[in-house]
C-alpha cells in the first residue's frame, strides 16, 4: 500500500499545481475503507427510514406468530427459534435492497472501481457498514421478540450472540446476490431466489443455536459452525461481490 | 522521468450485436487534449469507459506510459480521474462532505485545499448545503471541483459541460487548460465546442 | 460491412473458434446420442426385466434405475456448468460461457426428475411422499440454485453481462453446494433417525449393479449429446453478425 | 407380461417414476432441437435484414 504513495507523488511531482498545497499523496487502502464505512454510516443516520424499516418488519413478523398459532407461551417457545430466524432472514433480505442500489445509481460504484484501491476492500467496508446498520440492531431488538414468544430470560445472551454472528454471515452472502442483480432493472423476486438457498446453512445453525439456548443445552457447537460460516464468508464474499460489481459496470 | 503518454491501438468493442468501437486508435502526449465527438450512440461513453478499463474491448490495447493498462489496472486507476454521466454525489451529504468522502479515498485532503477547490468552482456560498437542494448545474460544479482536486496525469471527462451555464462552460475550459499546462492529458466527450478553444486540442470523430 | 467478429481468445485457437465449435458439435452429437440410446435401452432391459426383485423392497427398488442417474445428472451438470463458467470468467472465453448456459436447462430438468422420482420412491418406502431426508432436501436446494441461475440469466438483456453474472453465480453456488449438503445432513441427524433408504448398496449383486452403471453411462452420454446441440444454438445466438454464419447457414 | 406391469404391487410408483424421467428426456431432446432451430431462424432473419439494409 505504501508503495503506491511515492509512485503517485512522483508522477504528480511535475503536475502538482500551486493551488493544491497538500500534494498528491494517495490515501492508504485502510483509510479509504474507513472513509467508506464512515460515509455509509453518516448517510444512514441522515436517512433513518432505511434503518428502521427492516427492524419494524422483524418485530411485526414475530408478532404475527402468536396471533396465528396460539397465545400459549409453551407452544410459542417451541417454535420461537424458527420464528426468530426466519424473521431475521427475511428482514436482512429486505435490507439488502439498499446495499448497492443507490451507489450503483449515482455512479459511486464506478468511482470506487476506479479509485485505485482494491474494490474488494471498499465493498468489505460497505458490507460492514450494512451489517452495523441492520444486523446489529436486529440482534439488539431480538430479545424483545424472544421474550414475547415465551423465551426465558437466561436464553437471551445466547440468542443475541447467534444473531450477531448469523446476520454478519447473511450480510456477506447477501452482498453477492445484491451485486449480481445490479444490472437488472426489475429484480423483484430474483434477489430472494438467489440469496435464500445460499443462506440456508446460516438458518440451520442459527436456529439450532437458538433452540439450544432456550433449552439450556450446549450451544457452542452450532455457534462455532455459524462463526466458521461467517469467517468463510468474510474471506470470499467481498471478493465475489467486487467481481459482480465490476460485471455490472461493464 | 519520461512523461506519461496514452496510446490506444485498434480498439474494437462489441455490445451484443453492435460493433460499437471499430478500430479506434490515437496517441496522446502530455499537455494534449482529445475531444471525442459523435452523435448520440456513436460510442463516446463506451470509448471513455473502455479507456479507463471498465469495459473490456474484444480487440486492441490501451497503453499508458508504454505499458498495457490491463497488466496493472489499479496503478493505472490511481493515475486517472473519471467524470461520468452521474456526478457520483450523495443527495444526503453536503457538497463539502461529498468531496471529503469521494476524493478522500483517493488522496489526503487538507481543509485548505478543499476550500480552494470549492472556491474555484464558485461554490463558497452553497458548499455546506445538502446536495439534494442543489441544481443540476451546481452538482456538476461540485464534481468538477472533485476532478480538479485529483492531481493525476489523465482526465477522462464525459460531457463535462452538461447542465452548465456559459460561465460554467468557461470554467471547464479553464480547468482543462490548467491540466494541460501542468503536463496532464485530457480526453473528453463533448458534442459542443468548448467556449474558449483550448490549445493542443485534437478531435476524434466517432461515426454512429 | 461484414466484418467478422474478432476472435479474442487467440490461445485457445480452434477450441475458441465459434465456426469450428459449431461444426464440431454437429459432427460429434450423434457419436454421443446413439451410444446413449443404446446404453439406456440396455440399462432399462437389465433393470426392469433381468434384475431380481430386492429382498426388502421388492420391485419398488427398480425406481433406482431412473432416480440415481437423475440425481447424478443434477450434480454432474452443475459441476460442469460451474467449471465452464469459471473458465469463461477467468479467460474471457465466450465458448465456455456458451457451454455453461447450455448446461442449466438440462441440469434443472433432471434435478426435477430426481425430486419427483425420489418422492415416488419415498411413498412405498417411508409411507410419505416427502420426507426431509438430507439427500432429497439438498436436491431441492440444488433445484432452487438452478432456478436462480436461469432467473438471473433471463434478467439481463445483453448476453455478455448475463454470461458473466450468471457464471459468477454458478461458481458461488458450487462452493456452497457442499456446505449446504453438510449443514442439511447435520440438521437432519439431530431431528430424526437415519434414513431407511439406502442407495446403491456396496453389496449389490452384479445383476442389479450392471444395469445401474449402464443407466449412469447412458445418461451421461445423453447429457453430452444434448449439450452439443444446445451449444450450437448458443454459439449461433452469440455470433449472429459474424460472416461465418452466412456461410454455414447457406442461402 | 401382466406380472411385469404389476411390478410386484409397486406399479403405482415405479411406472410414474419412469414416465416422469422419460418426459424429462424427451423434453430435453425437443427443447434442444427447438432452440437450435430458433437460433438458426433468427440468424437467417438478421442476415437477410442486413443484406437488404446495406
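Here the chain labels run A, B, C and D in written order, and each chain numbers its own residues starting at 1.
Heads up, the rule we're going with is that contacts are C-beta pairs under 8 Å (C-beta built on N, C-alpha and C of every residue); 3 or more make two chains touch, one makes a residue touch a chain.
All figures in this text were calculated on a predicted structure; none of them were measured in a lab.
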| item | value |
| --- | --- |
| By mean Cα position, the chain sitting nearest the middle | A |
| Intercentroid distance (Cα basis), chain B paired with chain A, Å | 33 |
| Inter-chain centre distance, chain C versus chain D - centres from mean C-alpha coordinates, in Å | 15 |
| Whole-Å gap between the CA centroids of chain A and chain D | 43 |
| Between chain D and chain B, distance of the C-alpha-averaged centres to the nearest whole Å | 53 |
| Touching two or more other chains - residues of chain D | 46 |
| Touching two or more other chains - residue numbers and ranges from chain B | 17, 56 |
| Where chain A touches two or more other chains at once, by residue number | 250 |
| Contact pairs between chains, per stated definition | A-B, A-C, B-C, C-D |
| Of all residues in chain C, those that touch chain A in their complex | 89, 141, 144-145, 147-148, 151-152, 155-156, 160-161, 164-165, 168-169, 171-173, 175-176, 179-180, 182-184, 186-187, 190 |
| Parts of chain D lying in touch with chain C, wherever the complex brings them together | 4, 7-10, 13-14, 16-18, 20-21, 24-25, 27-29, 31-33, 35-36, 38-40, 42-44, 46-47, 50, 54 |
| Chain C contact footprint on chain A (complex, rising order) | 176-177, 180-181, 183-184, 186-187, 190, 193-194, 196-198, 200-201, 204-205, 208, 225, 229, 232, 236, 240, 243-244, 247-248, 250 |
| Chain B-touching residues of chain A, taken from the complex the two chains share | 4, 7-8, 10-17, 19-27, 31-32, 35-36, 38-39, 42-43, 46-47, 102, 105-108, 110-118, 122, 246, 249-250 |
| Touching residues on chain C, where the partner in the complex is chain B | 3, 5-6, 8, 92, 157-160, 240-241 |
